[in-house]
Amino acid sequence: MSTILIIFCVLAAITLATAFLAIFSRNPIHSALYLVICFFSIAGHYLLLNSQFLAIVHVIVYSGAIMILFLFTIMLMNLNKENEVHKPRITRLGAIVSFGLICVVLILVFINSKPIVGEYITTGEDYQSIKVLGKVLLNEYMVPFEFASILLLVAMIGTVLLSKKEKTEK
Amino acid sequence: MNNILNEIGIENYIFLSVILFSIGVFGVLYRRNAIIVFMSIEIMLNAVNLLFVAFSTYHQDAQGQVFVFFSMAVAAAEVAVGLAILVSIFRNLGSIDINNLKNLKG
Amino acid sequence: MNTNLALLLLLAPFLGFLFNIFFGKSIGKTASGVIGTLTVALSFAVTLYFFGQISVSKTPIQIQLFDWIQISNFKVDFGFLLDQLSVLWLLFVTGIGSLIHVYSISYMHDDENMHKFFAYLNLFVFFMITLVIGSNLLVLFIGWEGVGLCSYLLIGFWHKNQDFNDAAKKAFIMNRIGDLGLLIGIFIIGSLFSTLDYATLKTAITGATNLDLYWISIAAFALFIGACGKSAQIPLYTWLPDAMAGPTPVSALIHAATMVTAGIFMITRLNYVFDLAPDVQNIIAIVGAVTSLVAATIALVQTDIKKVLAYSTVSQLGLMFLALGLGAYEVAVFHVITHAFFKACLFLGSGSVIHALHGEQDMRKMGGLKKVMGITFITFLLSSLAISGIPPFSGFFSKDEILMVAFEHNKVLWFIASLASLLTAFYMFRLLYLTFFKEFRGTAEQKSHLHESPSLITFPLIVLAILATVGGLISLPTNSWLNGYLSPLFSKEVHEAHHFGTTEYALMAIAVIAGLVGIGVAYSKYIKQNQVPVEDAEITGFSKVLYNKYYVDEFYNVLFVNSINGLSKFFRDYVETTLSSAVFGLEKIANELAFQGKKLQSGSIGFYLFVFVIGLCTIITYLFLAQ
Amino acid sequence: MNVSLILIILLVGAFATYLAGDKLASKVALLFSIASLGFSIVLLNQYNLGENINFINQWINQPNVSFALNADGLAIAMLLLTTALTPIIIYSSFGNEYKNAKSFYALILFMAFAMCGTFLAADGLLYYIFWELALIPIYFIALIWGNGDVEERKKAVVKFFIYTLAGSLFMLVAFIYLYQKAGSFLIQDLYNLNLTASEQLWIFLAFFLAYAIKIPIIPFHTWQANVYQKAPTVGTMLLSGIMLKMGLYSVIRWQLPIAPLAAKEYMYIFIGLGIAGVIYGSIVALRQRDLKKLLAYSSLAHVGLIAAGSYTLTIDGLRGAVLQMIAHGFVVVGLFFASEIIYRRYETRVIAEMGGIRSQAVKFASLFMILVLASVALPTTFNFVGEFTVLYSLSQINVWFAVLGGTTIILGAYYMLKMYQHVMLGETNAKPFADVTFNEATTLVIIVAVLFFFGMYPKPITDLITPSLENIITQINRIN
């Protein structure tokens, strides 16, 4: 076992465990915190795969922005109580069944598909530095990129509108 | 430069992301709290993102990473709007238990 | 020239009809009556002209007007055929028609809708002429249905009385049963010979060698059913007695002299078809004989003066059918003519009586009218003698010929026919005695109003009585003008004047004796013993069965009318609702499905997702794992 | 000049009527309908002169749909029927007041437009579109201006709408299948298809469902009586006078030539159904309490006979069917108008509440009587020509068919005369009954005149339709 594999295994274990914990913890605050750890471990995976830019963006966006939003919302709603009633047994059973099913089916699909060649090519070309990514984004994917910005703008306006208290309400 | 996948193997990433995705599905089905459901969705998105990156390395191509970038943008927007909706639902109903949100019932 | 005259002959009554319908009310009763009469008289005049022409030239006149109906294998023209038969028929249709029009001017004078009456009468004459002079079966069918319509209109002339309307409806529908038979016959003939034209048909049949006799028999039978309906033979005769609901001139014209003989006309017209179907001829003969006997027995006990005459008509028509069935068409025609004379006279006479009694038709309330109504009585007597077959009156000759023909073919039929004529003599004189002899049995008020009818009524009576008396001259047993006149029509040799041997004289004697016996029995019963038929409630035994016409009407009612009405009710109340609910059942199924499907839309996101996951797994399994 | 103009006139008429406002609507509608009648007579003339009056234009490329209008003798005959009846129907409504008259009359013209389109269309999809388009106006006419209880009316009308629509969908499926085979919806291409016997059977049945509901043939008739009763009389006239004929016309134009093998194979069944309709309709009509319902069932009986005639696949059968279609169109409009005349005075359609009218309204009684007689196919009326030809064709198939179908002669006379007796005859009614007005009399007289004229001289129509029908017969008898 190489060091890298060990690191991968540890990271994977953290990812899965925290993801589970995030779902199982009864207190939403705890969930959010576990999720933050989960996202950090995923950032670790990115680093492992040598995509530093994405790792950083990931930390900023998910752990930084999204999870903060979550936490704010939870606190805003005052949900840090463990007052959630469990779903009926049948629903839980359904959840477990679908969890198992989708897991098994997807894994089976991958196993059944053509085996991946053991050799991994390495071109040696730089393909994931910030510089390259920037060029790709702004050349080939310029239009989607701009659309993404419009999307974010619209989302922002939408959010503001949605969270504003309606004045016409009695 | 040594390809990292030589050491780990893309299969492992696939399994990891499948399991992560399934956990996300499980969370959506299992929990009633809308916030947690949202979190589960984020987990699923991340599982996919991880796979994108892994395959990006596998193909030695930037395309996958660009997709991750876009999916992050969409995820950010989605979370922002989604949480805003949740907030307004909470304001109106006083609860975000998705079992109470059955206005779609036929 | 001929075309124009034929059109004049046909359209004169029609114009009379139109005139009376549109202007009849405004020009007054008498004027509308006169116009109605004149148009028919005009037709009569034209007929006389044609009669003269035909008698001399002996060639039929064919007139084609225009194409009417197009069928794949033939087309039907609207055309006329004036030959010996049609002109003969026209003579008494328009002749007696004119007389009855004259009669009606006075008879119907009190009716508010007199102009309409004349309009309908004219329309009837128009359709009757169409029937007679049509050059093919379909033009005959126009007339055939048209006279049925006029019969309907005239029976229901007093339309405020629903009983009369029922009778009219019954007549029309029973006629239509026959019409269907006629149509089927027309169809078969059309498809067999690709023509409906008499002349072409005759050449086709006489010229052909291998004829499909089976289908010809069926066609003949179907045509015979048509004749049954129109000429009131068993089993379609019950409408005729009911048809007496109409005004009496109508009964005389339509239901005695002209329309009901249409069946005989049609069979005579198509004699070459019937000659090919001996089985059907036997049926016709048997039906005719049975009808004549059955109707005569019913007539024995009827108390309504017109009903007696109606059944007498049915009975006489039966005799004519007997002759037709035995192939003696000219004999049947002869009887048609003499019957038209004396039966019209009898009906008009009874009308005169009814007129005098202000609508009373029950013979039990008559009697002694001989003294006040001399002319009516004498004409009535002459006609009664004629119908009873007493020489030298016309009925004797025609009836005797039928009996002789029957004797030649089949003794049983002869016996039945002789019995029928015995009964005829009896019921006719029963009628005569009860009406005109002894003392008046009606109310005092009626008695004070008794009077002889005006001359417009008695004039036709006198003419018809004379004709009834001397009508036999046209076909004397030894020297028959009629047979010679009609002979071109028949494919077979016309029956030669009989060799007068002992058998023939004996038959004649038997016939006369039978008539005299009938009269004698009636005399002893109603003059000597002074009997009067009892009230309805007191009738018992077999005479009750007879009085109720063998309960045939009731039988038909139960069998056909009630069952069809019951069926209609059943269809309306059950089948329709069932069918309807079957359609609504589909709707319910859809509804139920939707209701069940609605439950899937529970609104629970978890459930949706669960289903979504299952679906996703299925699709993936199908796409990647199913190989 | 070609036939598309007639559609344009009617469509423009519909809009113009709507724009004319409530007061002028009826007159504008009458004007345009008369214009369309005049134009169809011009077309007839051109057709007789041998000019090309067809119209074809590519409409949609994918799928391949053309705006193809084909006017042969048969189509022109139906066109004349439609454009002749429309003014009569509009004119007949002059005695009534309608709320929102502009929409009412616009819908009538629109319906005439759709029906003309159905008769003319030579492209399957176009035909289908017109076919369904005709349903919309009558739906609104029956629903909004109908009579009786609103809920019941809604139920009846919606049932009618869904029922006929559902039937038509099967026809659409058949058309799509044919399109897959032929790559075009053009009728000529569909005729030329070589379909196997089983394919033909399925297509035949799909068409049959659509037509059997529209015509209607038993047991698909359950919508009919109720809708006839509930719809305003104008709607009933449109339905029974023209719209039923769409189904019958389509049988001749589409169903038989496209699937002749199936038609031949199962001929007896379909003739039998038609004749069963004759007997059933006549018997049910006997005991109806409502005048309009009685007429509806009589209509059922008559169209049963027409359908039976069409399914004989003989030239006589088809010709008789078309003649009878036209004759029935006129007579049934007349009869429904007569019921409307009574309704205007007595405000009832229940037969038991009538009676004793004849002695008060002589003119009306005579005209009504003539219509009754025409309906029972008295010779010299147009109906006789049709009925005779149809019955003759039936007798060529099997004499018993003619006997059974011929019971309409007897039963028809029975129920119609019974109806007439109870509606018109009897003791003078206590309620006064004014005789027909000028409007009413003119309408009835026109109808009666048409019936008598063509009854005595059907040659023009026979000559017009025979070549087209012979083509169709050739098409039916083609060897695949």
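Read from first to last, the chains carry the letters A, B, C and D; within each, the first residue is number 1.
Operating definition for what follows: a residue touches a chain if its C-beta (ideal position, glycine included) is under 8 Å from a C-beta of that chain, and two chains touch if they have at least 3 such contacts.
Everything numeric in this text was worked out from a predicted model, so none of it was measured.
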By mean Cα position, the chain sitting nearest the middle: D
Counting only Cα atoms for the centres, state how far chain B is from chain C in Å. 97
CA centre of chain A versus CA centre of chain D: separation in Å? 68
In whole angstrom, what separates the CA-based centres of chain A and chain B? 5
Centre-to-centre distance between chain D and chain C (centres being mean Cα positions), rounded to whole Å: 37
I need the residues of chain A touching at least two other chains; which ones are they? 87, 91, 94-95, 98, 102, 106
Please set out, as single numbers or ranges, the residues of chain D touching at least two other chains. none
Give the residues of chain C touching no fewer than two other chains, as numbers and ranges. 606, 609-610, 613
Determine which chains touch and list them pairwise. A-B, A-C, B-C, C-D
Contact footprint of chain B on chain A as seen in their complex: 2, 4-5, 8, 12, 15-16, 19-20, 22-23, 28, 31-32, 35, 38-39, 42, 45-46, 48-51, 53-54, 57-58, 61-62, 65-66, 69-70, 73-74, 76-77, 79, 84-85, 87, 91-92, 94-96, 98-99, 102-103, 106-107, 110, 116, 120-125, 127-128, 132-133, 136-137, 140-141, 144-145, 148, 151-152, 154-156, 158-160, 162-163, 165
Chain A residues touching chain C in their complex are 87, 91, 94-95, 98, 101-102, 105-106, 108-109, 112-113
Touch list for chain D against partner chain C, complex: 159, 162-163, 218-219, 221-223, 225, 280, 283-288, 314-316, 319, 356, 358-359, 366, 373, 378-380, 385, 388-389, 391-392, 395-396, 399, 402-403, 406-407, 409-411, 413-414, 417-418, 421, 424-428, 456-459, 462, 466
State the interface residues of chain C toward chain D in the complex, per the touch definition above. 21, 66-72, 78, 138, 141-142, 144-146, 149, 152, 156, 159-160, 162, 165-166, 169, 172-173, 176-177, 179-180, 183-184, 187-188, 190-191, 218, 564-565, 567-569, 571-572, 575-576, 579-580, 582-584, 587
Chain C - residues contacting chain B, complex: 597-606, 609-610, 613
